[in-house]
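Two complexes come next, and they have one chain in common, chain A, joined by chain B in the first and chain C in the second.
Let's turn to the complex of A and B:
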C-alpha cells in the first residue's frame, strides 16, 4: 500500500463523513518499505494538482519524513530537484506493509496486513445512530 | 487487440473468474469510441487521473485499463486503486495489476526479451512494450487494494474513473458482508465448501432485480466521483439498463440543479429480440447551464 493512498481515504463510518477530523486518517505503528522506482518528475508534476496538500503535509510530518513545502509547489518550485525527489520518495516509492490507519473523529482503527488495509466495519459499527454515539464516547478517551 | 492481463496466479475457488462480462469491459474500454472519449476527457495537460475498480476480483479489468492507459487514455501517469470484500481477491488484484504494468510498460531494453503474455515473471516486457513507443519514462502506478465495502472508504471527489462489474444476478437476498472470521483457515471440508460457496455468492448475488448492490454504488457516485469523474457500470438485461440510464439522466445537483448527469451505453453484447444481454453504462456529470 503506497502512502499516497491515504490522501484519498476517509473513515468508512457514516457518521464521520461530515466531521473534519475524520480526514486525513492517521498512520500508527506503520512499518514502511521502500521500493525504488525510476525518478519521474513529470509524473510528480501531474500528481501534485490532484492531491490534498494539507492532508499530505500532515501525513509526512506524522511519519517523520523530510518537511514538505507548506503550500503546493507551483511555477519555479516545480523545478526544484530536491523537493521533487523528496516527493517522489513520499508519493511513489514508500509503502506501508503493516500498521493501522486511525480516524481522528471516532477513533476506529483500520488494520493493515501485508499491505492490504481492512476497511470492513464490524457489524455494530454499521448504520444505527446509537452505535456511533457509543464509539464517540470511546473516542474521547483516545489520545491521537 | 490490446493484451489481456495474466491471471494465472489467481485462486478461482473464491474469486470470480474472468468471463463474458469481464471481457465486455475490456472490449468496451479499448473500443475506438471509448478511447477517443476518454483521451479527450482526461487530456494530458490535466492532473493525473485516479482509477478505482470496485469489487475488483481477479483485477483483470483494472489491470487492463491501467497497463494499457497510454493507448486508452493517452497517458501513463495514472493512479490505480481497488476494493474487494474478499481479502484473497485484494491480494490477487494487486498482483494482477502490478504484473500487467511491468509486462506492458517496461521500457528497459535489457529486460525486453520475452514476447509471452502468459508468463508469470514480473520483470518482463510483453509485446505491447515493443509495439508501442512510450512517449516518456512515466509508468503507471498501483497505489493499493483495500478490503472494503464498495467505495465507502474513499473521500468525496477522490475518484476520476470508477469501474464496477457488480453482482448483478437477481437472487432472493444479498449475502451478509464478510467479517474477519470468514478468512481464518476452515476446520473441515464441509466448512471449506460452505466458505467458498459463500465468498463466491458475493461475486454474483444481486438481490431484487439483481440491482441491490448496484443501487448502493450508484447512490454513492455523486459523492465519490470528482467533478470530472466518470463511472462505468455493467448491467444485465434483468437489471433494466435503459430505465437505469433514464433515471441517472434525471439526477440534478448544485444551485437550481445547474449540474446534470449523463448516462450512455458505452458497450453491449448478445442482442436478442432487440434487447442487449449485457450493457456497460458510462455515467458522468455535465454542466447544464453556465453560471
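Let's turn to the complex of A and C:
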C-alpha cells in the first residue's frame, strides 16, 4: 500500500466517521519497501491540493520519515522539482508491504499482507443501528 | 471547417458520446453535421485541422478522419461540391505532392474498372505529382455509402414477430448506385488499433467477467482518463478498467469485496505476482498503478471528500456472481464470535460474512459515493444491465449532484447493458432527477427477491410467447 492511498483512507466503521481521532489511520509493525516508478510531475502537481497534509505528516513521522515540510507546498513551491521529486518518492514509491492500519477511535486493526490491505469488517461492526453501541463496548475492551 | 469521420460499424450508440467526450476533454468546439446510426460516415464541424487531429487521436470507435472536400448523392454533385468548398488555389497547394486515390464502398461493391473511372473523374484537380501507393504526401479518398436495406428491416422490427430491436441489416444488391458519396483528404488515424494490444486473449490475468478491451477503452475515453488524473474502480475484479485508464495515462486504484479476484491464482497458490499488477507489467504501465485493497462500498474506508477525477465501474449484475455486501442475513445471529479467547475476526484467515444485496440499493450507494468523492467536473462511468422489457426512458439512476451526460446501450438477445456517464456538478447546481429511476428493491432477504434484474434474466419473458399483459405474478415465487 502506497502512502498516497493511505492518505485517502479512514476507518470503515460507520460510527468512526464523525470522530476526529479516526483519521489518519496509524501504521503498526509496518514493513516498508521502496519500488521505483516513473516520475509524473503532472500527477503530483494535481494531487497535492487534495492531500490531507496533517494526515501525511502524522503518517510519515510514525513511519520514520522526519523531513516533511510543515505546510503543504503551494504556488511557486509546486514548481520546485526537488520538492516534487521528494513527494513522488514518499507518496508513490514508498510501499507498506506488511503491517496493520489502526483506527485511533475504535482501535480496529486492518491487516496489510503483501501490500494489500483488508478493510472488510466483521458483521458485528457493519451497518446496523445498534452496532454503534457495540463498537463502543468493543473499543473499550480492545484498548486493554 | 467540416471533417468526415469514418467510424467502425459497431457499438453505434457509443460513437457520438465518445467523440463528444473527447471534444470536451480537449476543449474543442464540436458540432455534428451529419450522423446516421446505420452509416459509418459522420460529418462534424470543428475549428481547424489541428482540432480534428486531436479529436480523433484517442478515439476507439472512429477509424480515421478526413478533411471534407465534397459531398453528393452522385459523382456530378460531388464534383460540383468540391468546386464550391475548395478553390483552385487550394488544389495548387498539392500540385507537385505525391498522392494516392482510394475508393471505399460501404455495403456495396465497385469493379476495378469502375473505381479507375471514378478516380479519373477527379482529374480536374490538376495534380501533377507522382502517384505513390505507399506513404504518399496526400491521400485522397472517395467514400461511398450504399446504405443498408434499413426500410425493410425497420418494417420487420415493427411486426409482433420482431423480437429484437436490432434489425438484421443486408447490403444492397450488386449493380446499384451508392446513396451518398463523400470526397476528402485523409488526415489521421484513430487509436482503434490499440484494441488489439489489450486483447483479452493475450492478457496475462483475466476471468469470466473481464470486460473486453474495446469497451474498457471506450469507457476510459468517456470518463476522461488522462495523464495527471486519479481514477478508482470500486468493483475492480481483474482490473480491466484500470489497465484501459492506465493506457491513457491516468493513475488508478481499485477495490473489491473479494480479494481473490484481484490477487489471482498465481499469487494465492504460488506466491507469484498479483494478477492486476501482472497486467500492468505486461503492458509496461506499472507507473499508472497505485493500489488495490479489499473493501465493500457500503462500508468503504475511503474518506468522504472530493479527491477522485473519475470513477469507472461495472458493478456485479447478480447473475453469474451474486450481489453481496458485508453482514449477515437477518435472522441469523450477529454477535462477535470468540474462538480460543480471541475474537474470530482478528485470527489469521478470517473471512467476513456477506449477505445478499439489493440491486437498486447498490446503484444508489454508488451514486452517493460518487457525489461525495468526485472533484467538481469529475466523471463517473457506470455499466448497468437492463431486461429488455423495462421502460428505458424512466430507467437511469440519477443523483442531484450528478449530471447524466450520455447513455449508451449494448444490446444482447433478451437483455442489454448500458454505459451511463455522469459529471459531478459544482456546488449550488443540481440536476433534474424527476425522470430518474426511483424504484426500491422489493422486500426480502434472498438474491431473487432483492434483484429484479436477476429475476427477469432467469424468467422467460412472457412478452415473447403470448400477448398476455405483463404482471408481476407472471413469475413463479422462488
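The criterion applied here is as follows: the second predicted complex is superposed on the first by the 125 of 144 C-alpha atoms of A that agree within 3 Å, B and C clash if a C-alpha of one lies under 4 Å from a C-alpha of the other, contacts with A are read in each partner's own complex, and residues count from 1 in each chain.
The rule is short, and it goes like this: contacts are C-beta pairs under 8 Å (C-beta built on N, C-alpha and C of every residue); 3 or more make two chains touch, one makes a residue touch a chain.
Source: prediction; values computed, not measured.
Participant: Is this a clash or a fit when chain B and chain C both end up on chain A?
Facilitator: clash
Participant: Taking the superposition as given, does A:120 touch the first partner, chain B, the second, chain C, both, or neither?
Facilitator: Once the two structures are laid over each other on A, A:120 reaches both partners.
Participant: May I ask you to decide whether A:2 touches chain B, chain C, both, or neither, giving the answer as first, second, both or neither?
Facilitator: In the superposition, A:2 touches chain B and chain C alike.
Participant: Tell me which partner A:40 touches in the superposition: chain B (first), chain C (second), both or neither.
Facilitator: Both chain B and chain C are touched by A:40.
Participant: In this superposed model, does chain C or chain B come into contact with more residues of chain A?
Facilitator: For chain A, the partner with the higher number of touched residues is C.
Participant: Regarding the shared-chain residue A:109, is it in contact with chain B (first), chain C (second), both, or neither?
Facilitator: second
Participant: Could you point to the stretch of chain C, among 110-118, 146-154, 272-280 or 470-478, that collides with chain B in the superposition?
Facilitator: The segment of chain C occupying space taken by chain B is 272-280.
Participant: Which chain A residues lie in the overlap of the chain B contact set and the chain C contact set?
Facilitator: Touching chain B in the first complex and chain C in the second, residues 1-2, 4-5, 8-12, 17, 23, 37-38, 40, 42-43, 46-47, 50, 92, 110, 114-123 of chain A appear in both lists.
Participant: Please output the residues of chain A touching chain C within their complex, sorted ascending.
Facilitator: 1-2, 4-5, 8-14, 17, 23, 37-38, 40, 42-43, 45-47, 50, 52, 92, 109-110, 114-124, 126-128, 134, 138
Participant: Tell me, which parts of chain B touch chain A in their complex?
Facilitator: Touch list, chain B to chain A: 47-50, 77, 79, 81, 83, 85, 87, 90-91, 94, 136-139, 141-149, 152-156, 158-159, 177-180.
Participant: Which residues, counting only chain C, touch chain A once they are in their complex?
Facilitator: Going by the criterion above, the answer is residues 227-230, 251, 253, 255, 257, 259, 262-263, 267, 274, 286-287, 290-296, 298-304, 306-307, 309, 326-328, 334-337, 343-346, 350, 352-353, 375.
Participant: Quick one: in the complex, what on chain A touches chain B?
Facilitator: 1-2, 4-5, 8-12, 17, 23, 37-38, 40, 42-43, 46-50, 92, 110, 114-123
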